[in-house]
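Residue numbering begins at 1 within each chain, and the chains themselves are lettered A, B, C and D in the order written.
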């Protein structure tokens, strides 16, 4: 009954096997391994982007911070949702890697930026003179931090504003596959066809051990990115093990299967929770994360039985009135089973 | 015949097996996994340092830059050898992570700092007023970049100067195990008993897939280090796979066996090279790296037969006079075999 | 009819005379001039703070950014009002000087932070783990950017929260004298007796040519501040001219007289505006800045007659409906005369 | 007998008068004052550079650091002489403003870079791959820190190397006028006609109160420079007083007269010193700075009589053997008189 995060689960066996298989003989270091060529080829094919440049790093924070730094001057604003990962969960990595850019926080329901709010914020900055931080890139998280998914229309309503303002677009796709499955569109449609310039393409949360691809749809940024990656300590010497993960992830649609399983379990969990009287949902369930609220007694039973998940906000306590409703975040991953969910539901119901 | 670097070889099978074994069920993320407790315990035991704080990162550049940043103010000087890795091979990562500290380059034969030169440099900075960059940490690389090893006396002659000046000491131990085997001393003697405050304890070059421990012998620095690691994007969510590597590395003296094998092959290679008429050595061979010079014809035969290594400096060419002597760097790793070396020697001899 | 800013006016004659008087013979450079000793003595006396450390810089942005950097780690949050100068008007100088700290924006009416909002924000950050930006200093602007003044009670309600959270307090006193006159309290009461640790003590806007003092009530920060000032290029070689300004400013209560004059003119302007039918005030007038709204026809008459001030927000236009109400910011300075104001009022009235 | 530095002397009366004259009525802030237009016009005329962009700051460190930051990426090297001001006397300001660039130190006699050494250094960096700090701008100081002057041929021998390598050129002209007088060439010949892209044009050391112009011969850099200046806290609100200084400095050849006087006194001092038996010169005297050596007894007599200058290096002591030769740096400024020098010589002679 582990629902704390999609980073608590194991890697898919195919990933581990690929690492073991890559461990034969010598390989060129620092991204010059043959497997990396295969990765680049696969990503270009999957994204229908023959000129895209692909780099691998091991953490989502590195992917986001390096990608954003390549797009941002130190005196610019990065527009992002108020509860985005780059604002809330990276200990200021974007500020560090950009040498002090500002994050401009955009509101919007269910973790999705409101286009009107983005427009207002950009217009405010666009009037900027020398005294003011300047406009800079837009960063969209899909799947969002609240488990919802931007539709293509929604993405385009934001990127259109960005393009009109002449600013580039980054997508934090730590849960890209979950959003893709939810939308049923193509990777190209979710990204460059909708105005995305740089993508953090997540592998870790969706069944890899630790690998994220940064996809630059504009090849001009390549060399600067490489220098920033090295300077940040994110260029792996034995790079083949990153390549092996990403290559396996993209082989035989593994990445899609893993996300489908996680999303299906998310839907099943939402369905079963909704059957419990008094349960309500804080955000709609559109991928593999559920934000729901039920009474403390149910939380107490579940957690005492070993269920592991976070309250939302995290400082709620099991101590208190039995009937009080407390919200929680539950995350399914590729390894979540119906049995895990059934057990959880059983304990919540009591 | 791969002698380009110790990061081109495979990981030891024990490391891969440990990763596969760690891939069962759920584990707490971000360093809170049980395997990390085992790692900390093992490192404390190996280093006879019950209060040491241990963190894992995936690259040597990250280990060095984060460790140094924790010891350095932006307006300070990091004293290091002119050909140290932090100066020459990290694309300015120390400058980036320290927010602009200066590297003070110390000369000395065979990649080892001359204590008198260090003393002069520190005294120069110690007179510094507000117009000048201030004194900061000393960083010692052992095994050095030129394949030599600082003896305990040599280390202590440097750290004594540092301690007298009130500055902390960092050791870049990307090839720590190779130096340790070469010296035949204890890990404690090579580090805190000789005045080292922060150690980058390398795993990657010595048979791991990608893991380095940062060992803080002063626990006061712990929280700052953790924040810097996260902010740098170097805190792994699925941290268990870093832990698994380091845990296996430290189990049953695997790390010592791997380094012994690499050093033995280094010695064998040096011995065989020395039998070839006209070969000379640029630096003494004390661990697993050989810097030697022989005629171009020999290089041409070896490289045409598939031997892979770097000229030193790297811009020498196979084109030119047959008899001209060209230096090269050859690196043995745990997987190097006598047969690899015999083949290389065979082709050089022609 | 210049009401655009208090930095558009001339320096007081006493300031210019002091500079001329200081221009005799040789003086030690870089703050070691005799006049600086006099400045330190005067500020310690005025603030009843015999241990305070005093440094001079030439711009308010330098004073704020250097003072804050001395109090802030790169991974911390600086709490400030949403419309504070450090957030809106310094092109990211705090982020630059702190190497990437985050500004946590606190709401509150009339440019004054709401204590409850500050408490919430700090508590949110105080729960922070390694993934989150940490709590850092509080920065209070007095006089605020909207022309209001924090009372002592209001300051203390904020600093008490800061002190309970263990965070230091900075005051942006670019218009410190205007607030002091408005409050009728002592400088000590407005600062260290109310929990302020570092003060930007403004001279430029209140009749100097270009000088601000940074007052460190905690002497421990002195050396770090000196290094940061030098490294930022803010240590003047011919420092005596900064000293001369600040010394004259503090002589014979000049600074208080200048601020009294500016505040009196502010009050007079507000009074005269209030007599015009249809005028309303956006913020209360408590010092030398007026935020008022009247019809476009009045603006058109005044501006066509040469009145110089900013609309608020600045993108309002003279083109449009005569009767529409448009807000403006009008700033009085020490050189503003009743005649300036009478003329302005005359043209607004038409 | 003040020979400690050219920043210890007074400002020229014309400068003070210009400040007083500028103190009438209102003026637009932040560089939009009318006097700044006059300054730009004068500098364009003086430098025969009708498209040059001109900005004013108050310190030489600000001028250098901002100019260099505009030319440098964080992962690049700034090539400069080992004893340049940016390396030795700015507390790491270049590293701070560039966000961590490295200074590549070039040797050469008498404070002038050896072209061959520059070529070697650039070639070394030019081979750089992703692991290495990249090549960046060249910075030439003229007058040098050791009082010598680069001839036009010498400048061009360096800038030719830079241009061939595709790197821009900065000139630290804190003592630009002294070099110009020494060379007898035009400002254009010393700068853009010799390949200089960005100039720090010093006023402070040569008789101003505190003003330096940054001249961008390439207008494309303008807006970035403006943002960096503001972000660094170096944009003055009451900018007219910077403009007034620079305008007066450039009026009626004041700047040339002041430098001529300082250089003439330098020559006279060198001549008189050379008449004292046992005196030798550490560097040739080519402008207003003298580096000479004589016996301790002479130093003792002069310093006890009130002569103020620095030993070179500064840690020599008056205590010790009378006959030992000790070097010193003596700097003449526009206000130095023959009488000052005669007195000094008198006391040295004893």
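As a convention for this text, contacts are C-beta pairs under 8 Å (C-beta built on N, C-alpha and C of every residue); 3 or more make two chains touch, one makes a residue touch a chain.
It should be emphasised that the depicted structure is a prediction, and the values quoted were computed from it without experimental measurement.
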Subject >> Reference chain B; chain at largest CA-centroid distance >> reply: C
**OP:** Report which of B-D and A-D is connected by more C-beta pairs in contact.
**Re:** B-D
Subject >> Distance between chain centroids, defined by C-alpha means - chain B, chain D (Å) >> reply: 42
**OP:** Measure off the straight-line distance from the CA centroid of chain A to the CA centroid of chain B, and report it in whole Å.
**Re:** 34
Original post:
What whole-number Å value describes the gap between the mean CA coordinates of chain A and chain D?
Top reply: 51
Original post:
Where does chain D touch two or more other chains at once, residue-wise?
Top reply: 74-75, 90-92, 96, 99, 130-131, 227, 230-231, 235
Subject >> Interface residues, chain C side, partner chain B - complex >> reply: 30, 73-75, 99, 130-131, 134, 224, 226-231, 235
Subject >> chain C - residues contacting chain D, complex >> reply: 2, 4-5, 7-11, 13, 16, 19-20, 23-29, 57-63, 65-66, 90-93, 96-97, 204-205, 209-210, 227, 230-238, 241, 308
Original post:
Contact residues on chain A for chain C in the complex?
Top reply: 74-75, 88-92, 95-96, 98-103, 127, 130-133, 314-315
